[in-house]
Amino acid sequence: MIVDVISFVLLALGAFFVFMGGLGALRLPDLYTRMHAASLTDSLGTILTLGGIMLQSGWSLATVKLLTILFFLMMTGPTASYALANAALLSRDDDAPALPPATGGRE
Amino acid sequence: MYYVVTTAILVTMALALTRALVGPTVYDRVLAVNMFGTKTVLLVAIIAFLSGRPDFLDLALAYALINFVGVLAVLEFFQKKRHFGRRS
Amino acid sequence: MKYFGLYNYWVFTLLLMIGLYAVIAKANLVKKLLGLSIFQSAVFLLYISMAKVDGGTAPIIQHADEPQVFSNPLPHVLILTAIVVGISTIALGLAIVVRIREEYGTIEENEIQARDRDR
Amino acid sequence: MITAFGFVLLTLLVVTAVAIVVTPNLFVAVMLMSIFSLLMAATFFLLDAADVALTEAAIGAGMSTILFLGALALMGEREAKQAGRQRWLPLAVIALTAFTVIYATFDKPRLGDPAAPVHQHVAPWYLEQTPVLMEVSNVVTAVLAGFRAYDTLGEVLVILTAGIGVMLILANGRPDLSRQGRASASVGLRHHLIPRVVGQLLIPFIVLFGLYLQFHGEFGPGGGFQAGAIIAVGIVLHALLEGEAAGRAILPTPVLVGLMTGGALLFCAVGFAGMLLGGNFLDYAVLAANPVAGQQLGIHLVEAGVGITVTGTLVAAFHAFADREPAA
């Protein structure tokens, strides 16, 4: 019963963060802020959502698989964000956006 | 609660797709693709539970592993383009 | 309610036509191949939609003793192989486009034809 | 409720497809194609086709994007403006065809109708007989490698032929396939420390997961096609990280050719072994004393052949593109 409540809270929080990430990726003014919104909430939303499912599944093979998925996502997600930011930064002399001004600001 | 999460994921997918459509830079689109990949992993994991077949988590595992390679291929593409662009 | 059950087929039709449009109306050869890819995916969608059975699950038998409803395995088999064949043929198409680019310097259909006419 | 989710995914599919056709930048189109493929795979999963979704994931999200990008690196990514090209004629043609096909769908049984004609003929027999004749729990694998193995043999040969075609077309001027490529240009991502470390860490897991799918294909979603695609992605990842030369060094061209043909030959050999032992072509029941064990042995061998050919072909296709330098 308590496990159910905890897992539902985790899932709800996960849904919230997933949605926030999507909103941030759409609404924020430039590439770097969008990347910030997307990658952070991606990680948090993934942990919370998969954690919620894990509590529901109890001790089983499914939990092990979920842990594996979580592990790989935690490895690859930030790396992909890093690689992307790096590529955007390196090629800013051609078509990529310039570094954002320190104050931020709208397009 | 599963339905709430699934709905949130689908809405986020739509938002990410919008980002991929409007750009404006190519990097924004790659970012959107990457987001889309993570969301698909979550979606598949949740649907596997909803339909009572947790053994289909293999699929989510495949996505989690494969998506990253796509991003690296993009990185390599940019690098190649820059290399050959500078030479010519 | 009856028409909701046909939504998959309508999407199939739209995707088929979008792919077909890219193949016949676009001059860029890579665009044509992407269109062909969409066209292929539309056909995959048609087959997989037909295989679905209400209340069914993927045709992997879990407990042989209890009766379960399964979706139709035959379209799955056909499409599973077709996806891999599809990527191989797309790779072949891309290889031909790369060679065309090297010989003609362009991958636009009309420019290629113009160059052929000049010869 | 799940049906409603399916509707959302299908609608997103149509939007993505339109965007792919409309966008003038080919790189963007390839990125959208990758989204399209992810959506398609999720849709397949919702439609209870786990095996197909797995294949689409491995091929669409991985190999297809990699191959398109490899080809795009060899040509411009801008689509030329089509001045003076007629647009109304193709639009009229597809509008008319769309109307006709949609009109025809009103005669189709609705989605999931158990009384639909497709569910009446052979499928029930497969579902009934697979546990009896083969004792294999994944019916898709049983049909693919067992009941309809002859069909699958044809598909494998098509894949092999396409792979040979790619190699021959892109090997211009150097028919000597065994020579090392001139891929000095590609250094890979060697100086990107973080992606390189993480990527190297992932390679063994990707290959291991591929092998798991290969050998677990009788009990869960998986099989030769999916496994081959995933192992190929793992090998390609190595080439992406360490550069073309290093990527080629672990699987030189002769080895790749050997894999491509070897897998298909293994498939044929299983077929002929059945004939030699007194059965029909690709009849596995005679391969062992116990017919059921024979069936399982045959399925294992055939799936292994499929996996080997698919791996070889996809990796060879990747190298064929990555090995080239763009024309001036």
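Chains: A, B, C and D, in written order; residue numbering restarts at 1 for each.
Criterion: a residue touches a chain if its C-beta (ideal position, glycine included) is under 8 Å from a C-beta of that chain, and two chains touch if they have at least 3 such contacts.
Keep in mind the model is a prediction, meaning the values are calculated, not measured.
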Contact-richer chain pair [A-B vs C-D]: C-D
Where chain C and chain D are represented by their mean Cα positions, the distance between them in whole Å: 12
Geometric centre distance via CA averages, chain D-chain A, whole Å: 29
Where chain A and chain C are represented by their mean Cα positions, the distance between them in whole Å: 31
Per-residue overlap in chain C, given as positions that touch at least 2 other chains: 57-58, 60, 62
Contacts with two or more other chains, residues of chain A listed in rising order: 72, 76, 79, 83, 86
Multi-partner residues of chain B (each touching 2 or more other chains): 13-14, 26, 30, 32, 51, 53, 55-56, 58, 61, 65, 67-68, 72, 74-75, 79
Contacting chain pairs - touch in the sense defined above: A-B, A-D, B-C, B-D, C-D
Residue ranges of chain B in contact with chain C within the complex: 51-53, 55-56
Residue numbers on chain A that touch chain D, as the complex places them: 72, 75-76, 79, 82-83, 86
Sites on chain C touched by chain D in the complex: 2, 4-11, 13-22, 24-28, 30-31, 34-35, 37-38, 41, 44-45, 48-54, 56-62, 64, 69-77, 79-92, 94-99, 101-102, 105-108, 110-111
Touching residues (chain side chain D, partner chain A) in the complex: 192, 194-195, 198-199, 201-202, 205
Contacting residues of chain D [partner chain B, same complex]: 1-2, 5, 8-9, 12, 15-16, 19, 25, 27-28, 31-32, 34-35, 38-39, 41-42, 45-46, 50, 53-54, 57-58, 61-62, 65-66, 69-70, 72-73, 185-186, 188-189, 192, 195, 198-199, 202, 205-206, 209, 213, 220-222, 226, 230, 233, 236-237, 240-241, 325-326, 328
